[in-house]
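By letter and in written order, the chains are A, B, C and D; residue numbering begins at 1 in each of them.
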Amino acid sequence: MGIKGIRTALKVDLEKPARDQPGLHNRWHPDVPSCGRIANNEVVKIECLDWTGGQIGNNDSAEDVKNVDLTQIHYLSGPFDIETAEPGDVLLVEIQDVQPFQDQPWGFTGVFHHKNGGGFLDQLYPKAAKAIWDFEGIFCSSRHIPHWNRREGELIATNTIEDRIVAQPANPMNAHAGSAGDEIKAKVAREGARTIPGRPEHGGNCDIKNLSRGSKVYLPVHVPGAKFSVGDLHFSQGDGEISFCGAIEMAGEITLKFTVIKNGMAKLDMKSPIFNAGPVEPQFGPGRYLTFEGFSVDENGKQHYLDATVAYRQTCLRVIEYLRRYGYSDYQIYLLLSCAPVQGHIAGIVDIPNACTTLAVPMDIFDFDIRPEAEVVKREMGACAITAD
Amino acid sequence: MGIKGIRTALKVDLEKPARDQPGLHNRWHPDVPSCGRIANNEVVKIECLDWTGGQIGNNDSAEDVKNVDLTQIHYLSGPFDIETAEPGDVLLVEIQDVQPFQDQPWGFTGVFHHKNGGGFLDQLYPKAAKAIWDFEGIFCSSRHIPHWNRREGELIATNTIEDRIVAQPANPMNAHAGSAGDEIKAKVAREGARTIPGRPEHGGNCDIKNLSRGSKVYLPVHVPGAKFSVGDLHFSQGDGEISFCGAIEMAGEITLKFTVIKNGMAKLDMKSPIFNAGPVEPQFGPGRYLTFEGFSVDENGKQHYLDATVAYRQTCLRVIEYLRRYGYSDYQIYLLLSCAPVQGHIAGIVDIPNACTTLAVPMDIFDFDIRPEAEVVKREMGACAITAD
Amino acid sequence: MGIKGIRTALKVDLEKPARDQPGLHNRWHPDVPSCGRIANNEVVKIECLDWTGGQIGNNDSAEDVKNVDLTQIHYLSGPFDIETAEPGDVLLVEIQDVQPFQDQPWGFTGVFHHKNGGGFLDQLYPKAAKAIWDFEGIFCSSRHIPHWNRREGELIATNTIEDRIVAQPANPMNAHAGSAGDEIKAKVAREGARTIPGRPEHGGNCDIKNLSRGSKVYLPVHVPGAKFSVGDLHFSQGDGEISFCGAIEMAGEITLKFTVIKNGMAKLDMKSPIFNAGPVEPQFGPGRYLTFEGFSVDENGKQHYLDATVAYRQTCLRVIEYLRRYGYSDYQIYLLLSCAPVQGHIAGIVDIPNACTTLAVPMDIFDFDIRPEAEVVKREMGACAITAD
Amino acid sequence: MGIKGIRTALKVDLEKPARDQPGLHNRWHPDVPSCGRIANNEVVKIECLDWTGGQIGNNDSAEDVKNVDLTQIHYLSGPFDIETAEPGDVLLVEIQDVQPFQDQPWGFTGVFHHKNGGGFLDQLYPKAAKAIWDFEGIFCSSRHIPHWNRREGELIATNTIEDRIVAQPANPMNAHAGSAGDEIKAKVAREGARTIPGRPEHGGNCDIKNLSRGSKVYLPVHVPGAKFSVGDLHFSQGDGEISFCGAIEMAGEITLKFTVIKNGMAKLDMKSPIFNAGPVEPQFGPGRYLTFEGFSVDENGKQHYLDATVAYRQTCLRVIEYLRRYGYSDYQIYLLLSCAPVQGHIAGIVDIPNACTTLAVPMDIFDFDIRPEAEVVKREMGACAITAD
C-alpha cells in the first residue's frame, strides 16, 4: 500500500572516521563482505559520505585539499547483495533521487596539488585550491566563486559495482574492506583494486554528467549477488570533472531501485554499462551555450595525431582565457569548469592530423552577460582558497 | 526595403569538373586569389559542391568511394574578401540557412578504404562502403540503411577561413588554386596547406554537429579581407563523423551574414573559433537517448593513460555490438554512427588511468524500439554498398 | 558560512486537525494574524498540509472524496510578514525546492462529485473518484492507474499572497483565521474571501504547471508585510488540473527565498503576477507529445463564439476517446489528464466563430506505445476508486 | 532511386489575381473540382499565395490592411484527390518543409480594422496596422518593429481538408470555386462554407504554433479522395495569432507527404485532427520565458465564470503594459504577440469562478534584456504602419 517510507539500507555517521564504519569500503575486491541484502525490484535509500570520507572542511583554507590522504579516498557505501543476481545477469539501477543531508547543506570543489593527485591542467595550475558551496534547495552558491549565483545544480551520482579484473596497482595502505575479518582484510589490502577509475567491465567511477535523478543504468554482473556499491555523490558536475576533485562533492542520500535482468549480458550483448538519462536534466536551450573549440595542437605548436585528450585540454584553456576577462582568477575558472554543467563534445576525430573538441558553457549560470557582443566589465570576484605553493 | 532576393555570391556548376571552376579551391594559401567581395553586414548565398567535388555517384556500388582521389578532395567555395576585415579582427559569420540543390536532392555517406583514407575504426572495418540518402524536406532516408527512415536531418555547414600557419605536408598533385595564374598556381601547389584538418588558428574543417542553421561563428582574421571560404556541406552528422566521409555529404547552398568586429581577437582574447548555436537544433529529450560508455582500455586489455581517443573508439564498438542484434551489418552501423545526430561526450578525463567517453544515440531516429527493455526482433535490413576487399 | 541548515519557518502536525493549527488559515483577509516574520533575502522552509487539510485517506474508497467538506478546504500555511514589504512593492519569491514529507510518501488525485465541487467535465463524469500515488524519489506510481508507471513527477507549488478585493461569496462556516482572537475570527469568517480561486491582484490559486522548482515569481504587494501564504502543494499536475482536485495533491515542505523589490508594481507596470520558470522542468522533446485539437463546437453541434473554455472541454474529450482504447476507464483518464504533465494551449482565438485549443500528452509517461501507428492492445487496467453514484 | 527532384503538384502565379487561378479556392464545398491527384505515399510540393491572395503590399502604409476585401480572403491551394482515400479513412500528412518563394523573401503581419475584420483586442486597438518582415534564411527582421532583430522564425503551415458540415454563413460575393463550371460555381458561392475558421470535423484554419516542419498531422476523411487543400502559410506565429492577421503571413511552397490509413477514424476513435510535432521547433529553455498571468476578470472588474477567452485577453494586456516600458507602441506589441513564438497556456480552468491563462514570451527574441531585474531603457522604436482612424 506504500503508506510507509522507503527503507534506508545503510546509514553513515558524519562524525565518525570513514575507516571505522563497516558499511564503507575503498577497495574493489570480491571478498569485501556484503553489508546488506536488497530484494529484486526493491527501492532503498543508501547514505554516503563524500568521496574523501570527510577530509575536507567548510573553511577558507585549501591546506586540507593539499594534504588530502589519497590512500584513503574514494569511499563507497556497500557492497550490497542484490537477491537473485548471478554472473551474466544485468542489474538495472534506477536513480530515483539524490539529496544532500539536511544538516550538512554544503559541498566542495577542489583542485588537487600537482604533487598529490593533480588534475587535467596541473602543469599550468600546480597549486591546491578549494571552493565551498552552500546548497539552497536545487540551487547553490559559493562565497569563493561569486556571480555564479543561486543557480541550479544537477544532482549526480556515480554508480559502481564490483568488478572482477583489477588493472590498477593495489595499495595496501589505508585499505578499508568494510566489515571483513583480519585475514580477508589483509587480502583485500594486498589485492584490492582502487575504486578511483572507471573500468569497462563494471563502470566504476565514471563521472558522467547526465547520470542523475531519473536515470536508468544497466550494469553487467560479474559476481553472485552483484555486490553493488555506491558513493562519491555530486551536487553538480560538468563533462570531464577536470580538476579531479572537480564536481561539487557532497555527502548525502541516494534512492535507488534494483531490477535483475536474467542473462542480460548476452541478451544486450553488453560489455560496458549503458544508461538512459531521465527527462529532468537542466535545459538551457541550445542558443544559450557559448561553445569553444580546441585542437590537438599543444601550447608549443606540436600536433598530436587525433589526440582528443590534448584537444580537450586546449579547449579548457580557451575558456579560461575568455572568462578571466571578467575578473575571475584562473583557479576560480578551473574550479568552475569542473563543477558547472558544461558540455564537452568530441567534434572531429577523423580529419587527420587534428582532433577537435568543444566545450559548451551555459551562459545562464552567470548573473552577468558573457555573450561576445556584450560589454566586458571587470568585476570584484574575491578569491577561492588556494595554497601558497 | 528588402523586396528583392538575397545575392548569390558564387554559383557552381554541377556538370563541370571541380578543378575547372575558378570559384573553388582545395588548398589553403594566402595567395589563392579572391573570387569575390562581400560587404560588411551583407547577407549572401554561396553555392558549394560536395567535398569530393562530385566524385561519388548515386548508385549501389562503393567502388567510387574506394577509388576516391584524395589529392583533390575537400573543395571549398571562395575565398571571399570581406570588406574592412583586417588581421586582428574577428569575423562574425551567421549561418542563416543551408539547403541542398532542388535538382540534386540526395547525398552520401562513405567509409573510406583503409588503404585510401581510412577512418576511425579502419583496423576493424577496412573495406570501402557507401550509403545514398534521398532528401525529402528536412527528412531523409536511405535504401542502404533501412528503418532509419524519414527522420529529420540537421543541416550542417563547416566554416573555414584562410589560416597562416601550415602544418600539414603540402601535396602539389591536383592542387586547385582557384583563378590563380600559373606562377601563383605553382606556388600554392608547392606550399598550400590541405583543407582537410581543422586548425586552431582559423577553424578549418571542424565537423561540429551543432554548427548549423541559426549559429553564430566567431572566426579570427589573419589576412587582409579575411579570405573566407566555405564548403563541405552536410545534411546531417553526429559528433565525431567517425567514418571520415561520415556525414550525409551534399552539394548545396548556404546563406551567410558577415560582420567584422574590429580588433576582436584582443577584445575576446580569442585564439580559436567560438560559436553560439541557434535555437533550432533537433530536440529529442534527454530521456530519449540511449547512452553507451567506453573506456581507454583497448581490445587487448591494454590501458591507455587518460586517452579519450581510445575510449571513444571503444564506445563506438559498444554501440555496434548493441545495434547489430537488430539485423544491421557492422558497416551499416558504422555509416549510421557517422551521420546520425549522436552525441559524443568526454565524461571522465581525470580518474587515472582510464578516460571515459560516452556516445548517446537518439532512439527516435529508428522506426522500431531500441530500448533495452523492448524485445529484439531481427529485421531484414538489406545492405549498404561495400567493396569486395 | 552556511554550515547550518535552512530555518523552518512553520511546522505543521499531520496528526492534528487543520482547524486547530494556528499557522494555517483558509480564508483571505487582511486581519488574519501573521504567524511569523521572514527577513528580506531570507531562505526558509515552510511545511504545508495538503489542500483539504488531511480529509483524504490512503485507501481504495472514494467516499472521502465524495463527502469532502468544501467549507474547510484550501488550507494555506501563513500568512508571513516579509520584512520591509510595503504596498506597491513587488515580492520576488524563488521556489528552491518542494518535497513531500519523508514519512508520508504518497498523494492523491480526486474527481469531486458533481453535487459537491464538481469539475471541468462533471456533466459527463458526475461521480466521485480517487487515485492514490506512491512516491519513489522524483517518480510515482498508482495502483489505481497502472501503466503510468514510475514516471517522473513535477514538483509544483501554487503560491498565494493576501489580496485586498474579495469577489467570491464569503462563507463563515469552517472559516479558519489562524491564531486570530474571537472578534477577528468572526470578522474573517464573515468577510474573508475563499482561498480557492486565482485572482488577478495577487495570484492566489493559479495551478500553473510550470510554477515549480527553480521558478521565480513576482507578486504585487497590497498590505504591509505582504502577508505571504503558501499551500496546496502538488507532486505533479498538467495544464488545467481539470478534475478540480486534479493534481497529485500532497502535504510537504517548500523552500522559498524572499526578496522585496521596492516600488516594483510601478517599475514593472505590473497588475498580475509574472513568473520565470527554472531550467529543470521535465523535457520530453517536442516530437514526443501527441497533440489533440478541440473546437468551440459542443457535443450538440452548437458553436460558441470564440469560447476557449468550450474548446478545451472538447479537447479533453478527444483525449479520453483516444486513450480508452487501451483499456482505461474514462474516470482513470480524467484523473490522469489532471495530474500528468500535459500541455493545454490556446491555439486559435481569432478565426471566427471557432476557438481552437490543443492538449498535448507526453507519450513517454506511459510504459506502452500510444503513437497512432502503434498497434492497440487492450490491457488489464484495474480500476480507480469510484463512488456508486 | 530518388535522383530527381520532388514533383510540384501546383504552381501559383504571383502576378495574377488569385480569383483567376484555377488551382485556388476560398470556399469549402464538396463540389469544388479537384485540381490534381496525389498518389498514396507520394511526396509533393504545393505552392500557395498568402491568405489574402496578394492584397497586401511591401510598403509603409496600412491602408491596404484597412481596406482588405474580406469576401475574398483565405485562399487555399487545392483541393487535391488523394488516391485510395475514402470516407472513414484517416489521411496522414507529413510536413516535410515550408519555404517562402526565393524571389519574394518578405511577409506581413496585420491588425485588421475593427470595422473590417477586427481582432482579439479590437475594442482597445481599433485601427488597422501593419508590419513588413524581411526574411534572411530562417531569420527575419522588420523595419516596423525594431530590436526584434534577425531572430529565427518558425515556419508554420495550417493544413486544411474538405469538411462536410457547414456552420458558417455562406457569402456568395467573391467566392472562388477553383476550376468549376458556371453551375457548380453558383452552387459553391451559395452554399460553400468560408475557409476562415477551424472546424472539429476536418481541422481547417487551426493556426497551431507547433504545426510546422517535421509534423505529422492525422486528418479525418469525409469525401472520396479526401479533397485536401492547403494554404495560409506562416513564417512564424505564436499561440493565438491574436491580431487575426497576426502571423508573419507569406506566400511560399510547402512539401508534404500523404499516407492513407484505411478505416482510421474508427481505429483511432478520432473526431478531430491529431498531430505529432517534429523535433525541430525552436528551443529557448524553460528558464528563458517570461510568463504573464491573466484571469477571467475584465477591465471593469466583472468576473466571467471560468472564461478562458476573457482570461487570455487580460493576459495579453499584461504583456502590452510590460513591454511598452521599452518604447514600443501598443500596436507594435499587439503585432509582435501575434507573430512571435509565444506560448499561450490554459493554466487554471476549475478554480471557480476564475479561469487563469498564461502567456510566455521567449526573452531571447529581443536584442535587449527584458528580465524584470534588468534596467529599463526606453529605446527609439520607430513605428509600425497604422491608419489615421
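Assume a residue touches a chain if its C-beta (ideal position, glycine included) is under 8 Å from a C-beta of that chain, and two chains touch if they have at least 3 such contacts.
Computed from a predicted structure; not experimentally measured.
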Selected interface, B-D versus A-B, where C-beta contact pairs are more numerous: A-B
Identity of the chain that, by mean CA position, is farthest from subunit C: B
Centre-of-Cα separation between subunit D and subunit A, whole angstrom: 49
Approximate Å spacing (C-alpha centroids) for the pair subunit B, subunit D: 36
Centre-to-centre distance between subunit B and subunit A (centres being mean Cα positions), rounded to whole Å: 33
Multi-partner residues of subunit A (each touching 2 or more other chains): 214, 278-281, 283-287, 364
Subunit C-facing residues of subunit D, complex: 90, 92, 119-120, 165, 167-168, 196-200, 203, 205-210, 214, 218, 239-244, 246, 261, 267-281, 283, 285-287, 289-295, 297, 301, 303, 306-309, 312, 314, 318, 321-322, 324-325, 343-358, 371-372, 376
Subunit C residues within the subunit B interface of the complex: 283-288, 364, 369
Complex contact set, residues of subunit C against subunit A: 1-6, 43, 58, 94-97, 102-103, 105-106, 132, 134, 136-139, 143, 150, 152, 213-214, 255, 257, 278-284, 364
